[in-house]
Amino acid sequence: MKIFLLFCCSFLFTSTLFAQKEEALLQKVKAKLNTVTDYEASGKMKLDVSFINAAESDVTIYFKKPNKFKVKKAGGISILPKGGVSVNTASLLPVGNYQTIPGGKGVVDGVTTTIIKLIPTDEIGDVVLSTLYIDENAAVIRKAVVNTKESGSYEVGMSYRKYTAWGLPDKVVFSFNTKDYKLPKGITFEYEKGGAKPVEDKAKNKKGSVTILYESYKINKGVDEKNFL
Amino acid sequence: MWTLTRIELFKIFKKSRTYIAFAAIGAIIILIQLAMYSDGESYLEFMLGNINTAFEIEGNKLNGYFVFYLILHTLLVHVPLLICLVAGDAVAGEANMGTLRLLVTKPISRTGLILSKFLASSIYTLLLLTFMAVLGLGVSVALFGVSDLMVQKSDMFILLDKTDVLWRYAAAYGFAALSMITVAAVAFLFSVFADNSIGPIIAAMSVVIVATILTTMDIPIFNALKPYLFTNHMLNWKGFFDNPVDLREVLKSAGILVLHIILFVSLAVYFFRKKDVLS
Amino acid sequence: MSFIIDVKGLTKVFKEVTAVDDLSFSVPKGEVYGFLGQNGAGKSTTIRMLLTLIQPTSGSVSILGKDLLHHRKEVLRQTGAIIEKPDLYKYLTALENISIMARLSGVRLTKQELLRQLERVGLAERATSKVKTFSQGMKQRLGIACALVNNPQLIILDEPTNGLDPQGIADVRNLILSLSKDEGKTIFVSSHLLSEIEVMADSMLIIDKGKKVAEGKAEDLLHPSDTLVQLETANDAETKKLLLQNRWSTYLQNGNGILLKMHRAEVPALNTFLVQNGVEVFSLRSKHSLEDYFLSLTTANQHVDTYPN
């Protein structure tokens, strides 16, 4: 019994100790991102969803603290998954109260990262659990897996090059689950090919991703509010 | 042959009936444009309901290209009926007026006569489509601007870059012309047999309507039938809005339509050459 | 003699009805050729076969020395026609109509030349009026102008005076005679009225139920050498007795009343004889067989057409 109590105590102690360490790392990441008030970035966006056919396009990405984010295609149409705000790094960090649980180490793209699980303690948010893979050396998030109440779970992978100092990624891959898409042919007046229908890959159909390649950032130069309309 | 065709065109454009189709198309196009201008957003909401639940679409969704696509989508179902009005009248109308016997007693071959009439009907069809393209695309672009084009299929949502749209419309125009000439050929064939124009016009319209209903109903037993219906292939102008374009499939449809035209016109020539003009 | 139309064994069978039955005839050049028959006798079917509107079941047609079947275009280039009523494009003007017909006939005429053609039928002033505003007579005249626009050798007119008022009928008749006599054209004209044909035809053909009844020079058909003379006198018995005592007895025919068959030239002599012998003549009528035939046709028609009051 004593041994058990001792074990429990030591576990609580160590976990709290670890948690403090994780929290510090988290704050470090946050502080780095906080240096960015706003940015306007140009880049390329590619949407990969089985039922959406859209070519890779040049886009402009606008960001303003705390959480304003917009991807626009000049003179064109851009499609982002709902909750696509999470494509933005800043939005991955929790607001309000949360509990931190250490998750050990993990390797993302050949970089060893510290895994931190965050459980929001406020009831209001949609997020149930976030798992962040943080590169301690660079103080940036390399990967995040987010579970939500409403939008299912999604995963964000980020790689860094030129803008590591600002904590801004060169590439973001946002993976998510999709629902079925089906419209009646009576509405679409569609041509019927005839012949055997190709067997649909159900598993493939359920996954989608958005990839944004950031080419250049204009950081802290001010962004007009109308860009977020 | 060209002289004959010009005479036929002259007659077509001297008839008030000819302008019904232009007026109808003009009215439908302007109505759609007005409706989209005043309340296009709620239409978009409805159309994009399925995709809007999971995705956020940014940009000038209700642009000229989209409105023109909508116009084509609506009109290419109805234009065949208007084409029947003129093509069904081509021979039967003259039989009804009694002028057919004048034509047949002139030193021109019956084959030449019937082909020139068909050519004139086809040119009329092309003019109608051109009118539709100019009014539909020109005014829509002027009113709604230019942006990427969203195309919804039953199992696919396609976003086409705005620089990648115009050639598709040009190709679709060519394909639609082929479709409409197929309809003209059907009406024309019926026209050869009748001594008044109501009969062939109604008959051709009925064929087009029944085949279109079979084409648009998504019922398995009809689906098996669809590859054999020319109205199904007529819808394949939409093939040009696929990405990438399934050229094999589109060309197959175009080929089938051309075969239909050749078949219907050859039958018309055959029967007209043998026809005893009694009217 | 050269023939403009030469028809041999022409037959047309519609399903089970034989509309034209083994018809043969020849139309001499430069004549007005009358084509007589009651309605439904097969006139229109024959004319339509001459104009390639209907394909013959059998037989041959040669026009202007060429086989119609094999030289259709060449033949039609030399032919002008009105079939039944002259149907024209009612939504077009007179000038537009004649211009179209000229081009279809393979001739290119200037506007002035076309107007001259309209002037010939008295329509120059209405050249730019739509045909739908025209009276039946004006349409008929325009139809004739259209038929003549290519200056044809042969003109085929099917019932050209149908629906015309007396003035219109006279105009058409004069035009036909002028085309034949002044311009040497061959005119093939059909009618169901003997009275109409006899005033203009040089030769004629009579058909009934698709078959030829008579063909020949109008003179011969209308005034045959043997004619039947019917006499009506104050006392027929006495008159008969008188005739029997003279050379007239050989001409006397059996039957009711007094009927004599004789050469037409002798009719005046008979009249003189009767007067000299003090016979009171009420009427002396010379009848030829053609008229009898036509009388029977019109009587038959009247039976059909009469409704009980």
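Per-chain numbering from 1; labels A, B and C assigned in written order.
Everything that follows uses one rule, which is that a contact is a pair of C-beta atoms (placed from the backbone, for glycine too) under 8 Å apart; a residue touches a chain by one contact, two chains touch by 3 or more.
If you're wondering where the values come from, they're calculated on a predicted model, not measured in any experiment.
Omitting chain C while holding the rest fixed, one finds the remaining chains still held together by touching in one piece. The largest tally of C-beta contacts between two chains is found for A-B. Taking the mean of each chain's C-alpha atoms, the chain closest to the overall C-alpha centroid is B. Here the spacing of chain A and chain B, counted between their Cα centres, is 48 Å. Chain B and chain C have Cα centroids separated by 52 Å. Each chain gets a centre from the mean of its Cα atoms; for chain A and chain C, those two points are 100 Å apart. Residue ranges of chain B in contact with chain C, taken from their complex: 3-4, 7, 10-11, 14-16, 97-99, 101-109, 274, 276-278. For chain B in complex with chain A, the residues that touch the partner chain are 50-51, 53-61, 73, 77, 146-148, 150, 152-162, 164, 215-218, 223-224, 226-227, 232-233, 235-236, 238-239, 242-243, 249, 253. Listing the residues of chain C that touch chain B in their complex gives 48, 51-55, 72-77, 79, 81, 83-85, 87-92, 96, 100-101, 103-106, 146. Against chain B, the residues of chain A that register as touching in their complex are 51-55, 57, 70-73, 75-82, 84, 178-179, 181-195.
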